[in-house]
Every structure is written in C-alpha cells, then in structure tokens.
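Here it is: the structure, laid out below.
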Amino acid sequence: MKLIKAIVKPFKLDDVKDALAEVGVAGLTVTEVKGFGRQKGHTEIYRGSEYTVDFLPKTMIETVVDDDTVEQAVAAIVKAAKTGKIGDGKVFVLPIESAIRIRTEETDGEAL
Amino acid sequence: MKLIKAIVKPFKLDDVKDALAEVGVAGLTVTEVKGFGRQKGHTEIYRGSEYTVDFLPKTMIETVVDDDTVEQAVAAIVKAAKTGKIGDGKVFVLPIESAIRIRTEETDGEAL
Amino acid sequence: MKLIKAIVKPFKLDDVKDALAEVGVAGLTVTEVKGFGRQKGHTEIYRGSEYTVDFLPKTMIETVVDDDTVEQAVAAIVKAAKTGKIGDGKVFVLPIESAIRIRTEETDGEAL
Amino acid sequence: MIKKSLYLCAFLAATCLPEMLIAQDSTQAEVAAVALETAAEATTALDSGNTAWMLTATVLVLFMTLPGLALFYGGLVRSRNVLSVLMHCFAIACLASVLWIAILYTMAFATGTSGWLGGFEHIGLKGINIDSMAGDFPETIFIMFQMTFAIITPGLIVGAFVERMKFSAILLFTALWLVLVYAPVTYWVWGGGWLFENGVIDLAGGIVVHATAGISALLLAKMLGPRDGFPNKLHVPHHPAMVMIGASMLWVGWFGFNAGSQLAANGNAGMTMLVTHISAAVASLTWMCLEWRINGKPGLVGIVTGMVAGLATITPASGNVGPLGAVCLGFLAGVVCYFACGIVKNKLKIDDSLDVFAVHGVGGIMGTILVAVFGTAVFGGTGVDDMVQQLSIQVKAVGAVVLWSIIATFVIVMICKFTTGLRVTEEVENTGLDQSEHGETAYQFE
Amino acid sequence: MIKKSLYLCAFLAATCLPEMLIAQDSTQAEVAAVALETAAEATTALDSGNTAWMLTATVLVLFMTLPGLALFYGGLVRSRNVLSVLMHCFAIACLASVLWIAILYTMAFATGTSGWLGGFEHIGLKGINIDSMAGDFPETIFIMFQMTFAIITPGLIVGAFVERMKFSAILLFTALWLVLVYAPVTYWVWGGGWLFENGVIDLAGGIVVHATAGISALLLAKMLGPRDGFPNKLHVPHHPAMVMIGASMLWVGWFGFNAGSQLAANGNAGMTMLVTHISAAVASLTWMCLEWRINGKPGLVGIVTGMVAGLATITPASGNVGPLGAVCLGFLAGVVCYFACGIVKNKLKIDDSLDVFAVHGVGGIMGTILVAVFGTAVFGGTGVDDMVQQLSIQVKAVGAVVLWSIIATFVIVMICKFTTGLRVTEEVENTGLDQSEHGETAYQFE
Amino acid sequence: MIKKSLYLCAFLAATCLPEMLIAQDSTQAEVAAVALETAAEATTALDSGNTAWMLTATVLVLFMTLPGLALFYGGLVRSRNVLSVLMHCFAIACLASVLWIAILYTMAFATGTSGWLGGFEHIGLKGINIDSMAGDFPETIFIMFQMTFAIITPGLIVGAFVERMKFSAILLFTALWLVLVYAPVTYWVWGGGWLFENGVIDLAGGIVVHATAGISALLLAKMLGPRDGFPNKLHVPHHPAMVMIGASMLWVGWFGFNAGSQLAANGNAGMTMLVTHISAAVASLTWMCLEWRINGKPGLVGIVTGMVAGLATITPASGNVGPLGAVCLGFLAGVVCYFACGIVKNKLKIDDSLDVFAVHGVGGIMGTILVAVFGTAVFGGTGVDDMVQQLSIQVKAVGAVVLWSIIATFVIVMICKFTTGLRVTEEVENTGLDQSEHGETAYQFE
C-alpha cells in the first residue's frame, strides 16, 4: 500500500476526485494548504503599500491505494490536475505499513 | 518510529486524544480535513436548487510513536473513534526515519 | 528523497521558509494545524467560566528534498524555528518513493 | 398544537379565576399611560416630531433583534450551531409578529374587563386604521413599536437553549409563551392591568421583558438539560467579533427601546437616553475591571456582556433615575451580573448557556427593584416620592411576574415535551444543528 | 465610454419620438404627487418632524445597500468572489450618486415637456439651494432620499451577474442603465410622467425598482451566460450568516424605503410600516414552511429569502393595503417566489445567480398588479375604488416598463459587449474575482 | 495614574497662563452657536421634530464607533489582533462616556472665564435636568450627541497603534488625551472659546475631531515605533469584508455626524447631508480610479478608504459648501489622501498603521482650510464672504490646534511610557494581542 500525496490547484479538486474514482480509488482526504514553489506569490497593494503574499492557496489530496493501483492513480491525478501552467503541483508517493478501517477493524487492502 | 495518521469524525477528537494519553502518547498534531469515501456527502438545498456537498468534515490526527507503542496506540484510536456507523474513518501507519525536537535537538525516541 | 515534516510555531514560518531557501530548498507546502504536546494549552475565561483550550495553533511545513539535502534542511529548520521555549515543535523525516511534477511530468529529483 | 394551546389557555384561565376576583377591586386604569384611545376617541392632533421619533425607535428595536441579538448569541456558540441560533432569532421574530397582530396586541393593550387580561376588540387588528391614534402619534406605530418588544423578548430566551433544542419545539414554546406569559404580563404592567393600577414603575421592560425572559430561560434550561460537555468540556465562543458586533447593535438599538418608551421626542426621552448610555458604559468598565482583576485579562466578550447587563438593569429605571442613579445602577449591574453568571453555572449547575438569567433576568429584576431607590430625589431621580411604598410595589410586581412565569413556562415546556419533544438526538447535537436541523453549513472558506 | 453612451441616448431619443407624440395628449401632471416646487414657488412651511423622518428614512435606505444588500449577496457566493460582490455594490452606489446629481435627478423629477422624460432644469443640481422645498421638507433631502433608490436598484441587478462579469462592464452597464431605464421609468411613474398621469399605483417601487431591476437582471444573466458548473456543480453559499445579516439590514432599512416614501411622519407612514412588516413576516414563515415540507429542513437562507420576497411584493402596495391585504400578499410572495426560483433555474435554465428576477422581479410585479385587488375596501385597503380599471392601469404600466427594460437592457448589454467586453476569462473565473479583478483576498485567518 | 494626570493638568494650566492673558481681550461669545442656555435661561420651546432628529443623529454617531469604526479597523489587522482592536474601540467608548459626564462636557461646553477652557459648573452633569434645553431640544440630548464625538475621536487614534500597544497604556493615553486635547480644543472651536470667537468654521469636526486625532496619531505612532516587519514584511488585511462593513456604517452614521451638527432638522441639515454624500461618493471613485491606474486593480479596501477620506474632508465644510464644492473636496480628498498614505509610510517611515493621519488628519485639515474657498458664493457655498480673511482664520486655527495636539500628545505619551509602559513584549506581539492581552481567540471554526 502507498500513500499518494498530491498538491494541486484548488479548482482542480473536483476533476482529480472524478479521475481517481474512474480508476477505482474511492477514498481520499483533502486539506487546504498554502504552497510555496517556483510559482511566485503575488503582491497585494493596500493604500499605496505593497504586501507580499508568498504563499498560494493549494489543495492537498491524500489517498492510500493498493500497490498495483498506484501507477494508474498517479497518472489519473497528473492528467486531471494539469493545466500546463506553473504551479500545477506535485505528486509524492510514500510507503504505508498498515491500514485499518475504524468502523469494521478490517485491515490493509480491505480497509481502503 | 512510526507515524500514525488517523482520520476520524470531528467530534471524536477529544476522545481519541484522551485514549492516546492513556497509552502514553502525549504528543499529536491535528488537521481539519475534508473526506470523501463510502460515506456519501449530502445535498444542501437553497432556493429550490440542490447543491451537492461531496466532502465531509473530518479530523486528521497525526502522531509519531515508538515502534513498540504503535499497536496499542492504533488500538486506542480505533476504540475511541468507533461509532460503528459509516464514515468512522481510517488509521494508517507510515515509517518514520528520524525525529528531532526543535527546542532541545534531542533526536528519535527522545524527541517524542 | 525524503519528506520533511516540521511542526513549528506559527510566527516562525517566514524564518523557516527563508532558512530553507538558503540551503536550496525552494518548494514547500504549509498547513495550519493544532498541536498537543508538552506545552500545555490554556484556559479562556468567559463570564466567569473556564474553557480549556487543549490545542495550540501550530504550522506544519512539509517539504520533499533529495537525500543529500535532508540533513542541511533539517538543521536549517531547527535553527530557524528554535526559540528555546517549550512548544517549539518537531521535525520528522519520512521516506518518499517517488515524486512527479504535474506540469511537466518530470519525476523524482527533477520534480522538486 | 393549536388545539393543545387553546386547552391550556382554558386551564390557565380557570386557575387565574380566584386571583382575578381578588384583583377585581382595583378600578380600571383611568387614563392608560400608554394612552390608547381608539380612533373614535382620539382628540390629540398628530405630532410629526414624535411620530418621526417613534418610527425611528421602532426601527431601532427591530434592529436589536435582527441582526443584533442574533449575532450577539450566534458568536457565542460553536461554529456548527451558529446558523441555528440566527434561525431561531429570525423565525421567532416572524412568528411573534404574526401572533402579535393576530391576538397578542389586543390581549396586551386593549381595554380589558378585569385587571388580568386585555380585551379582544382589536383581534386581528380589527378596528385599527390609518387615523387611529395612540396619544399624538398613529396607533399603527404604537402597534409596531410594541411588536418589536414582543419579538425580542422570546428572542432573549434563545440563549438558554442553544445547541440542543429542537426547532419545532422552539416554535411551539415561543407561541405558547407569548400568549401565556408575555401578553398577560404586558397587560398587567403597561396595558392598564393590575400592576399598572398599583403604580408599578417599569419604563421599558425590566419586568415585562427581562424578568419574564430571564426566569423562563432558567427554568427551560433546567428542564431541557445541559449541553454535552457541560460544565467542564464546553467549547469557547467561536466568534467573539460577532458577539461584539451584535452587542454594539444592541447598544444603539437600546436607545429606541428605552428612550422610545417615552413615546415622544422630548426631555424625558433625552434623559432616558442619557442614563441608559451611562449605565451601559459604567457596567462595561466595571465588568472589564473585575475580569482584569480576577482572571488577569480583560476580555471582549466580558466587556460587552457588562454592557448588556448595564442596559438590562437600567431599562425599567430609565424613566426615573438621573445620571447619578445611572452610575450606581451600572456599577451594580457589572458586579452583580458578573457573579451571577458563575453562580448559575457552578452552584445551580444549570446550563443557561448564554447567561440569559444571570444577565437579563438578574439585571432586569435588580433595576426594577432599585428604581424605587434611585428614582428618589435624593439620587437625582424623579417620580418616586415614597421609596418604601414604591419598593413594596416593585417587589410585589416582580414576585407575581416571576411566579407566573415559572408556572406558565413549566406547563409550556411539558406541553412541548409531549408533543414536539424537546431535545435533538445526541447524534444531531454532535454533528451540529446547522447541518442536521437546517441543512446548511456556516463557513465554507475554500 | 461617455461618448458612446451619449450616442446611445440620441439613438433612443429618436426611437422614442413616435411614442412621445402619441403620449402628447396626456396633460401635464397638475400637482405632482412628489410635489416638487422649486424654492421660488415653495409656500409650505418646513415641518421639522417630517424633515427628521425623511433624513432618517434616507439613512435607512442607504443602509439597505451599504452594507445590507452587499452582505445579502456577498454571503451567497463562493469565498473567492465575496469581495468582488461587495465592491460591485459599493462602486455602483458611488457611481449612481454622482450620476444622480449630474443628470438623473433632473431627468426623473424636473417638470418635463412630455410625459416621457423630465426636464433638464436641475442638471448638476442647478437651482437647488438650502431653501428649496419638496412639500414641507427640504428638496435636498428629497434628492438624497430618491438617490438612495437609484443606488439600490442597479445594486439589485448585481445578483444576476456575480462571479463572472468584468468590473469595467459592470460600471458601464450601470451608468447606461440608470440613464436609459431607471431615470425615465422613475419619471413615468413618480415624476409626473405618463404612467403617473394614468393613475398608476406604486408607492415605493414595485415597478420603478423591482420590476426594472428584475427583468433587466434576467436578460443580462441570459446574455452573459451561466457560471462554470451551472446548474449542477455550483457551490453552496459560503457564508449564510452574512446573508442573514444583510437580510436583516434590508428589513430594517425597508421601513425607510416604504414608510419613507410617504414623505411624511404621519398615519400613512405608520400604516405603511405596519403592512410592510406583516408581509415580510408572513412571507418568511411561508417560505420556511414550504422548505420544511419540500426539503425536509427549514433553512436560514430560505427564510430570509422569503422575507425579501415579502418586502419586494408589498413595496408597491404598501400605501394602499391594510393588514389583511398584507397577510395575503406576504403569503403569495412566499409561495410564488419560492417556485419562481426553481422555474428560472430549471425551466428557463438561466443562471440569474442570486434570483434577482424570481424574488424581486416576480415579487414586485405581483405586488404592483395585486394592489388593485388588495387596495380595495373589501380587503381593508384604501385608494382603489374601481378594481378592474386599476387592474388594467397596473398591468399596462408593468407591461410598458417591462418592455422598455428589455429593449434598453438588450441595447446596453450589446454596447458593453463591444466595448468593455462582458465576461472575465475562464482562468479569472477559476481563481476568483477577488484576486484577479481586485487584487485582494477575503479571509486571511492565520 | 489619576494623581499623575492631575499633576499634568496643573502643569499645563501653568503653561497656558501667559497665552490666556493674551487671549483675555476677546470678549465672551455673546450667543454661543451651540446655544446652550441652562434650564433657567431657556426660553425656546421644545421642537419635537428637531428633538427627534437629534436623538436619531446621536444614535447614528454612536453607531459609527460601535461597531462601525471598530470593524473598519478590525478588518485591516491580522486575525490574531482583531479582537484587541474591537476591544480598544469598545473600552475607549466606555471610558470616554464616563469622563464626558464627569468632567469633559463642562470643560468643553460650560461658559468659561477665558477663551481657553470652559467652566466647571456642570461637573458631573451638575445642574442638568429633564427641562434643561440646548436651543429648542433637550440639553441631555446635546450632551449625548457631543459625547459620541468624544467617543469616536480617540477611537480614530486606535488606527495608529494597533497590534503593539499595551491595553493599559491605551486607556491611560485616552483619558489624558481627552482631558488635555479634546476637551479644550472643543471649547476653543465649538464651546465659545477663542477660535469660536475668531469666527473659525468647523461644522462637524475637521479641527476638533480629525486634525486633533490625526496629528496625535502620527506622533504616537512615531514614539511607539513600528510593528515588527514594517515596512516590507507586513501582513495583508485579514478581512476586507469586515473593513467594508465598518466603512458602510461609517458612511450612514456620518449623516448623523455632519447633518446632526446642524442641531436641527431643517434645510441646513438637508444640504449638509447632500454635500456630505457627494464628497464621499466622489472621493471613493477618485481613489478607485487612482488605484486602477497605478496598481492595475481597483480594490475594495481602497474604495472604502477613499470614502472615509471624502467624509473626513467634507466634515468641517459641510455646513458651507454647495454640491459643486462637495465635488471638488471629494476629488481632492481622493487624490491628496491617496498619496499622503504613501508619503507617511515611505518618506516619513512612520508606522501609522491604519493611516489615521493620512486619511483623517490630512483630510480634516484640508477641508478646514478649503472651506474658506469653497464656502464662497463663487463655488455655490454660503457663509464665507471674505475668502482671504477666512482663510487666515482657518489656517491659524489649524496651526494652533496642531501645535497644541503635538505638545500635549508628547507629554501624554511620555507619561504613559513611565507609568504603564507603551509596548507589549515581542513575544506578545508575535502571539498576537487577542490571546496575550485579552485571553481570547477570534475565529474558532471547527
């Protein structure tokens, strides 16, 4: 099992969710985050003074998938989230050692 | 050391925290997240139109524990967070390579 | 590649970001979290009644770096985030199996 | 629901009978203070200045509830229940408005045949037209002005049952309470009823508004039971700024409430405005200093609570005290209500969640009684010649109203219990009323 | 931009010519209802009470837009667009104010040479001074009072184009719309023009405000196209509490709107206030009950929408109906506007995003027509003697104004399309207008 | 603390002596503009219309501070300091109220023995009763109306010291500032003092309110030092919608401020309302256009700041200019204050955090001086016959008041420094004042 951690542009969330559903991933957890990277922040100007806003709003999608679904899932995310413009984000894959569904105490593959 | 990542129903946060304290886990980090899974979202109806709310509010609890505490900690979380109803959430366990406490620069086991 | 997960005091975010930039880490993702640890929460008193606030606002910084940058990056974070007072936070290091930049589909080292 | 409440009315009427016979002695109010001649009798010419002020005052008092009180309360609850609180206040306002024109106004202000209840000649506003006068301004405005009081009074009770009471129960409770408590007590005190006859002083509702709401709130909270987590694991107010916004609106609106109750733009209204303001300011500072001293930190929720306490306390007295009396009442409001909050929670162990009783009930009752003291010339007041006699009238009035509020509220709550049910399920309480009862989410910041 | 709009004026003037000749027959308004003698002619003495009320009413109506309407609308959109909505309302208010004194006031209220457009004698407020009177209060206040109507009317249209229209287009649209639709229609109905001559009833703007804004909003929404995701993937209102705050301000401000339109603090104002309130309360409860029944849950956004529907509906009728008529109108407002919302979205498939047409347009038109019914003595109303005749006048008036609004709005939208452009790019829409168009972020809670 | 301030009073009194002797020549104001006869002298009958308007105006001005100004400022700071700003405004309002009745009112408005300070006959409101009149309305209302000015003026200064000043220092500063700056200057200009004698024009407080607050704010900000991160690493306003809500309340309330200062509901009040509104609208649009041009994007915070600048600028002039003058003043307000913001930050490098000086100070001073120009008949104004002479009076008045504000503020800040201390610790600043100073958290959205 792997944890896929994708950081994408906020308005792509629905597309990514749908794309994941299509490859059979039906569980995910979403966090509103702020990102800093090549895409530079912006300045907001109030009363003639500039304020630098370094961080941009991003959405982090975390989903745990079976080993053999990882590739498809990552591909699905990349496809759905891509705009081709800077700031599209990243996908990271981390190892998971175990998983458990709280309601049923099923573990690992069954827990997803 | 392991990172336990538990996604639970928001109102269970206090119970989980207390349960973890009981098995000696006294440090944790909490994020408000939105979850998508078997438990379906809901519709909100405004002025006669339906709006689908796919994501449900969930709480993500992350805690790093020693290898030999993992099992108890997971069990404690599961017990405290369970309502038996759909949407109770998951617990994932990830490997951690190192830890450091910023204040003292203690590392690994001592850092927790 | 590793994922560095640092939980720090919120007002240290800018310092940490600058410190990371100095060691060449220019991508990171930030989440507002609530922390529970040795630093105890506080009580707020409204109309003569005490309300315990167990959780303190913290900022979680996640950054994925090359294996050979990890040490410097962790050191930079620790240095920048330290106040020496309780509640300074932790740094955890997790293994990453793969990374991909959505925009270009570059992978691993290139994706960062 | 309607059948049941009618039944109750009958029951209560029967209960009241003996008392009514006793009260029969008291002659009818010769000239009702709130001079309500029907159009036929109206002789006073319309005064456009007073009319302008009463229009404005009416707007101000409505503003106190919508959105003032709603925000004051809404900011104090958890974020998952804030919409429900706003909904309670809003729906109660609408319901009270409709009941007011249907039946409450006539029960409260039409000339009655005994000292216990007004007549029914104006049922459904029968007989009211553009030319009807209330003194030197149109009766329609008097109806509206008084309606805003009937709106805010059950609104105040919301603070007692937030985060756990069923919406249907709230509506039923409100309707019955307005009919059984608010309308009769208004008649007794303002409409020419027996307390009015006795010469009770209550300019703007220490008895009619704050005592009734405060006592009923306490009893309702007790019967409803506490919120999950009471008293030690409750959550902090989710939005103190919202509390402050609401409180500020209450402050400015309260000038309509108190100075408007003089029913004219004159020197009395001016003095009422002045003493009202002074009491609010002094009570705020008093509460702030107490918090600073006791908790180490002066808080925003605290200072604005002090303000509300100061306003509730001066309300009945604001037509009789002078600046000195206002300073004293404000100070007492700050001190007494501050400690009352703790007592209700820690000694009585009642989850009167937003301190309706401790702030409004205690304040209103205190002001009602103390007007007998601070309304004397010694304290720069006017209208109280014989302090002791007035004191006894005031105490009697408070006693009677408190007693009646308790009896009626008890009955009403029992009715709700066995019809709509009182509380939401534990699951609903956990999820929050916004989502579960109203299908909405308060903050969707993406 | 200015050149273009002048050109348009000329074009429209030419178009109107034939109609104007026909209308020539109608004699000049002998005594304009809104009695605007210039200072020279003024003979009525100033009444300080009426003046006080008109000052207050003006403040109340401005408060309806700033911040009332802005919040009512702002809470309904996504959090990434809330500032843009507030900005629209604010900028429109400023722009309307400047245009009002420059040219709109004279177009709407100066004595014209035909029934179609007011004169130009007060261009740039020429000839107005401290002593100018409008009846028994200063004309300056009349100018201000009417200005607040010219502010809120284009403000209402904002609800049709939120989350996607270019800011520059909004400004241009508003300017042209005020000149081509608002000012003429105001003259027709209130300023002594042909509909006024015909005896149309519209106390506070069922036609002038709600019908014009509602129809234009619908057409604009259609021409602009829907938001991304319409109709099935839209996002829920981001802040229902903000909606309720705004709605409450609309409610209290509406007393200035309706009762202020009586231009005096008298019995008419009182009755207008009363029926206005009743309609709002009844419509709110009606809407709430419908939602409860149909969706299973009574929501906050719903109840306050009902309130607005009730207020829009009573507006034209509030000078003529009695309490019973108000109850009926409120009930109809709740039912009809409720279903109208669904029809616009699901049947017409127009993204009139915040239901400007379904709530304001439908309500205003309904009230305008039904005043002929409920204004009769049978329903306790006043001023309508011959129901059938009045009905025909009302329908004619609505028809003419709707027609003109459609024509003019179509032309204006085309102008905007070819000058400023109408819509933001898809990327801007995705990012949100706050950031992209105004460079700001609404909520920075760290 | 009290001892110290008394000592300071004595010191200042001594300092003033020489000047006082010089001023002795000027005869007592024969008939104070703000005609304050004590009850004994009152002969004018009460006018209910004017009374109604003054009651309303008082409510409006209080509303400007609570919650208007508080929100305007609160939205501009970081989310961790918003409650502290609301607390500052609220506590200052209460403190100013109490001081006003205790001592400030008599210092400002009782007949003094020199042109420098009012008498002490009304200390603690001694001698004021229900029958006391101020012209044709009750003196109690005049006291309240003026009190709301004493509330908002130190409230304005809050913008200079947000996010870093100790709460105790704020209270001490406010108390001393009201006694040493506000009350005397009010007497000079409005209470019959030497500037009043000289014929200075300042209808509603360009000098008394905006110049004093603006200058003192600038000096205080300088002495206090900048916030951590100034000027390049500051944080954006956390809640522009809150800023806009507050600004809107300021706008509507400002009609009470300016038109209320005419102390009657008459043609003067009407014209004042009109020009006030025009200036606000023009300044808003001007600021918006400048931002659009210079930054590429018109922002919400910008347009509402323009509005405040427009209102501050017209304030002193609003009794004398006509619509044309208002357009000019509005335009100048937009341009000059816009650039003043940048100058204070970038040239003077003073962290006058919310631009109190650049907006209020500069605006108020500009309006005070330019009333001599735009108040002439040439620009459609009234009351200024000799422009040059009036100009010299206005400049002299501004000069004297600015000088005195600087001296007194300097002394007061030094006093605070050595008693309460001025600034919170760095740790407190980092954590935020809400938590550290007031023990509360602003937003708990779970």
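Before moving on, here are some points about what is shown:
The first chain written gets the first letter, and so on, giving A, B, C, D, E and F; residue counts start at 1 in each chain.
In this text, a contact is a pair of C-beta atoms (placed from the backbone, for glycine too) under 8 Å apart; a residue touches a chain by one contact, two chains touch by 3 or more.
This one's a predicted model, so the numbers in the text were calculated from it and none came from an experiment.
Residue-number overlap of contact pairs with A-E passes half for only one option from B-E, C-F or C-D: C-F. Counted by C-beta pairs in contact, the busier of A-C and B-E is A-C. Both chain E and chain F derive from one sequence, and where they touch, under half of the residue numbers involved are common to the two copies. Look at where the CA atoms of chain A average out and do the same for chain F: the two points lie 51 Å apart. Chain B and chain D have centres, each the mean of its CA atoms, that are 45 Å apart. Multi-chain contact residues of chain F (touching two or more other chains): 47-50, 52-53, 56, 233, 235-237, 295, 297, 299, 301, 439-443, 445-446.
Counting partners per residue, chain C has 14, 31-32, 44-45, 53, 94-95 as the residues that reach two or more other chains.
Within the complex formed with chain C, the residues of chain B that make contact are 3, 14, 17, 26-31, 64, 94-103, 105, 111-112.
Residue ranges on chain B touching chain E, taken from their complex, read 44-49, 51-53.
Across the complex, chain F is touched by residues 47-50, 52-53, 56, 60, 78-80, 235-241, 244-245, 248-249, 251-252, 255-256, 259, 264-271, 273-274, 277-278, 280-282, 284-285, 288, 295-301, 303-304, 307, 322-324, 382, 442-443, 445 of chain D.
Residues 46-53, 55-56, 58-59, 62-63, 66-67, 70-71, 74, 82-83, 86-87, 90-91, 93-95, 97-98, 101, 124-125, 128-133, 137-141, 143-144, 147, 167, 242, 437-446 of chain D are the ones that touch chain E when the two sit in their complex. Interface residues of chain B, counted against chain D in their complex, comprise 9, 11, 14, 42, 44-45, 53.
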